[in-house]
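Two complexes come next, and they have one chain in common, chain A, joined by chain B in the first and chain C in the second.
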Partner chain A sequence: MRDASKHLLFILAPLVVVFALLPGAYQNHLLLFNFVIFLILAQGVNIIYGFTGYLPFGYVGFFGAGAYGFAVMVMHLQTPALLAVLVGGLVAVALGLLLTPLLRLSGAYFAIANLAASLAVLHFVANPALEGITKGPYGVSLTGTFNPTNAYYAAIAVLALTVGGVVYLKNSPFGLALQAVREDSVSASMAGVNIVKMRVIAWLGSALVAGLAGGIYAWYVSVFYPDNVFSSEFSIFAIVFALFGGVATITGPIVGVLILYGIYNLIGFTTPQYFQLIYGLLIMGLVLFLPAGLVSLATRRGWHVP
Partner chain B sequence: MSPDKSPILKVSKLVKRFGGFYALDGLSFHVVPGEILGLVGPNGSGKTTSINVISGLYGPDGGEVVFDGASIGGAASHKLVHRGINRTFQVPKPFLSLTVRQNIQVALAYGQAAGDAAAAPPSMAQLLEEYRLKEVADRPAADLNSAQQKMLDLTRALATRPRLLLLDELAAGLNPAELDWIAGRIKALAATGMAIIVVEHLMGFIEQITDRVIVLNAGKEIFEGTLATAVHEPQVIEVFLGGEHAH
Partner chain C sequence: MTYALVAGVLFGLYFSLVGIGLNLVFGVMRIVNLAHGDMLMLGAFIAVGVVGIAGIDPLFAVPLAFVVFVLAGFLLYWVLVPRLQGSTNPEMLSIILFFGLSQVIEAVTTIFAGTSERSIQSRLLGTVFTTIKVKWFGGKAGGAGPIQILGQGFPAPWVIAAATSLVAIALVYLYLYHTRLGTLTRAVMSRRDEALATGIDVDRVSAAAFGIGLGLAAVAGVFAPFMFGSVTPAFGADATVTSFAIVVLGSLGNPLGTALGGIVYGVFYMLVQTYLSSWADLLPYVLLILILLLRPSGLLGRRVRVA
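Let's look at the complex of A and B:
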């Protein structure tokens, strides 16, 4: 496990330290927070897509479920924020369990079914009949727990957990077995791998981190509507960032978020009128010329990318 | 070599249907530890299908598969691997983007029988060396040629220490020198007590390594015995005559 300690020391630790210190040097706290959230979500996509091959087009379902898990606990049980975040993670895991039958689908069928499932959860939460529990379409306001500073550090903790999880996948027989299932599930079972169990574990793991991120997001913004936390922008961004950097690596999704979300904000601030165009061209170029992500520039030359 | 007389695998009246088509139609045979059994027959006679059913890829639609005295028909592949069954594929199926070493690592890590810590799994170095994969150990499996991919399939199977090994056209596409070499390896494996079923169209190869053959036609066995007697059997001759592998 020498590589694992290297990865923790040279990738996870600097990432956590930099984001923990940045609020002292840079005043746009919300932007930093969004970076951390997207780092978590892109790594969550990495876990399920990079290591098992399932493209989670409805990934935001877990995020929104986590946000509403948080909100319901805080509104009705006055739960402390940290505990409510944990509940948000568990709600997402419960949703993941409910959706495990989707894992029988493959390719585009899985992606579409997952998208449909996330819309179903959105409409369930936003149903006026559930106003007594979720406040339905009218949105929630959680001023009692409002504390962006603590929420930000909680997000960094979840980021550390998530990247730690990916470091584990990258360095363990478990992660190798997941990739084997992705490559050829029949051969994987002949290598003794219980393919159903492996897929479910990865699926629930990626649901957990998205749920925790959603809970923390709810904590941070404190006022939101169902459409905000179930916005498919979260799924699409997380997927694009992860793919842009390169999945099934530790660094790919990180690089993807830093570059693409960085550019996104840069263009958004300076020349918003060109934003859609530039962003769209960038993503098209990526798909056409670098289907395996930025890291493939290095791996093609035979360099090893963690 | 004196094979233990009680069979490790007994297949009786096995049926496998695809829609209304009977790929296996009441197939019965057995194999004993240390024996090399040849499974021959024309294209489409059900050889691969029988391997697929025995290795848990398909559940049988009738009949029984008994391994080690227990009925295993319909059990999941990974469980059968842990019981001691493994196989190669007619078209090799490596994990293409993983390195050769990683391919084998998965089987070493996940393919061992539970509670069988006594017997050590084969070592990576030994497998790479014995099956001529040492030079390509750190290359992605996608870079291998077809013969090497077949050897990788075989080492992945051997890494799980099978007691019953099913080889689906492992020799097809090998050159004569490689054929001799792999024949020697298969015999050496059988000498350790492993039961081996060899599916092959190359009759010379079958003759060289098998103790006994089963001739399949349309999902049924039509002959059981040595290859030398099989070639004098009118029914066997007839089945092979229309086929492309007629002698």
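Let's look at the complex of A and C:
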């Protein structure tokens, strides 16, 4: 466990402190908030894709479910925001439980089914027939709980939780067993690893953090439409960020988000199509030339990357 | 009811054409072509271009789109695929790689076609419809209205698209089962390693399949403006998801299953839209998940492929 405390001290703690202090020094709080959200999502993808090999192409389903869990609690039960965020997380876990049968599928089948699942949840939530509960496609407005400062700190707490989870996976027999299952499930099973239980725990953990992030996102923006919180950009960005840095590491997804989302914000908003072009080329180059992510540049030289 | 069924079959045949190229690529190379919908979109732009520049029937765009995209497919194959196949997890990475490609295509199309393409689109679409009307009804005996099937009238473009799809699927069948390259293609589909070991030039077979897959997507795209109303550069992403639903319904890796999958999807889609319209968007995805879980090999699949 010495490594684990080192990781907590030198990766998690600085990350949390920096993001907790930055709002005082930097004015664009929405941008900082988005950074934190994408850090959470990229680490969530890391938990499920990096450690178990399942590519969650519809990861945003959990995020949106969390956002709507939050919205429904606040709209209909007038619960305090923090409680509603927790409920959002639980809604995502419930969705994850509902979708556990998908883990029977492998490879591209899982990715496609997951994508379909997220779209199904989107169309379910956005259905005009459910207007009484979710406000259907017309979007929700939660001005009563609007409090971006608290939401930002809640997001940092979830970030700490998520990164802490990844540190645990990286330093525990459980995480090692998960990676063994990813590499060769038959051999891992022979060695006494309970494959199904392992995968389900990782899956639900990954769903939980996305749901919490979704709830906090709803809290922060307070006005949104189904298409906003179920935008496939969340899944894609989270996956690309995590991959760009390098999955199954603690630092990889963090580096990926900081660099790529940073670039996104530098060049993103003035000419979207040129940005899209650069982004697409970047993704293609990444897969073709650096499929194991930025950290592979270091590991290839024999350096150890946490 | 009859209307919904027949419209479902017409749309279904067209949907089969939409999905079949995606399936061919996946079956042969185990590569998930997320840029499939963008090929459709480009095919549609070729049709629009042919009508806009030459002012002729968009059916002439079909062979043009096919040839252009088969060649483009060969090129793309040699640039992208061998390198991808060399990586540790090509199936997963292909999803991300082709997502990148779809972004590039969408961006380049937007840059060249402009962001105001919607208004141009609708104007062009009008001329497309009139062209088709003149070609098919002005020439033939009188009837300028919809085509009659089982006592119900259907828009002519639907029928033409369905007929073209039928021809295309028949040609794919002939290719796979009655040509030498097609036999080799099926060999690679069933066992890639063994095909390689028996001396089959897997790269050549795969390149051909990739080219044909893209070509078929482009042909389907030619009809997209008629079937979906209009086409924008952002149309590709939706089309990809729809194609996936169809392909998985049939069975991933079996191109002819796609024909069945397309028809099931089409009929289902039309029935739901007629009777449960507010849930119409949701049900295809639920159907897709159910089929994946209950019968992961698809309706016509032979081997179950689960973890």
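Here is the rule we use: the second predicted complex is superposed on the first by the 301 of 306 C-alpha atoms of A that agree within 3 Å, B and C clash if a C-alpha of one lies under 4 Å from a C-alpha of the other, contacts with A are read in each partner's own complex, and residues count from 1 in each chain.
We adopt the following convention: contacts are C-beta pairs under 8 Å (C-beta built on N, C-alpha and C of every residue); 3 or more make two chains touch, one makes a residue touch a chain.
Nothing here was measured: the structure is a model prediction, and the numbers come from that model.
Novice: Mind checking chain B and chain C on superposed chain A, clash or fit?
Specialist: They fit: once the shared chain is superposed, the two partners occupy separate space.
Novice: Could you look at A:Y274 and tell me whether it touches chain B, chain C, both or neither (first, second, both, neither)?
Specialist: Only chain C is touched by A:Y274; chain B is not.
Novice: Between the centres of chain B and chain C, viewed from chain A's Cα centre, what angle do you get? Round it to the nearest 10 degrees, please.
Specialist: In the superposed model, the angle at chain A is 80 degrees.
Novice: After lining up the shared chain so the two structures overlap, which partner does A:M190 touch, if you call chain B first and chain C second: first, second, both or neither?
Specialist: First partner only, chain B.
Novice: Have a look at where A:A180 lands relative to chain B and chain C in the superposition and call it first, second, both or neither.
Specialist: The answer is first: A:A180 touches chain B but not chain C.
Novice: When the two structures are laid over each other on chain A, which of chain B and chain C touches more residues of chain A?
Specialist: Of chain B and chain C, more residues of chain A lie in contact with C.
Novice: Determine the nearest approach in Å between the Cα atoms of chain B and those of chain C after overlaying the two structures.
Specialist: 11
Novice: Give me the intersection of chain A's contacts with chain B and its contacts with chain C, in residue numbers.
Specialist: Shared contact residues on chain A: none.
Novice: Of all residues in chain C, which touch chain A in the complex?
Specialist: For this pair, the touching residues of chain C are 26, 30, 32, 80, 83-84, 87-89, 91-97, 99-108, 110-111, 115, 237, 241, 244-245, 248, 252, 278-279, 281-282, 285-286, 288-289, 292-293, 296, 305-307.
Novice: For chain B, which residues count as touching chain A in their complex?
Specialist: Going by the criterion above, the answer is residues 55-57, 76-78, 81-82, 86-87, 89, 93-98, 102-103, 105-107, 109-112, 153, 156-157, 159-160.
Novice: Inside the complex, what are the residues of chain A that reach chain B?
Specialist: By the definition above, chain A touches chain B via 173, 176-177, 179-180, 183-184, 186-195.
Novice: Please output the residues of chain A touching chain C within their complex, sorted ascending.
Specialist: The touching residues are 53, 55, 57, 101-109, 111-113, 115-117, 119-120, 123-124, 126-129, 185, 232, 236, 239-240, 243, 273-277, 279-284, 286-288, 291-292.
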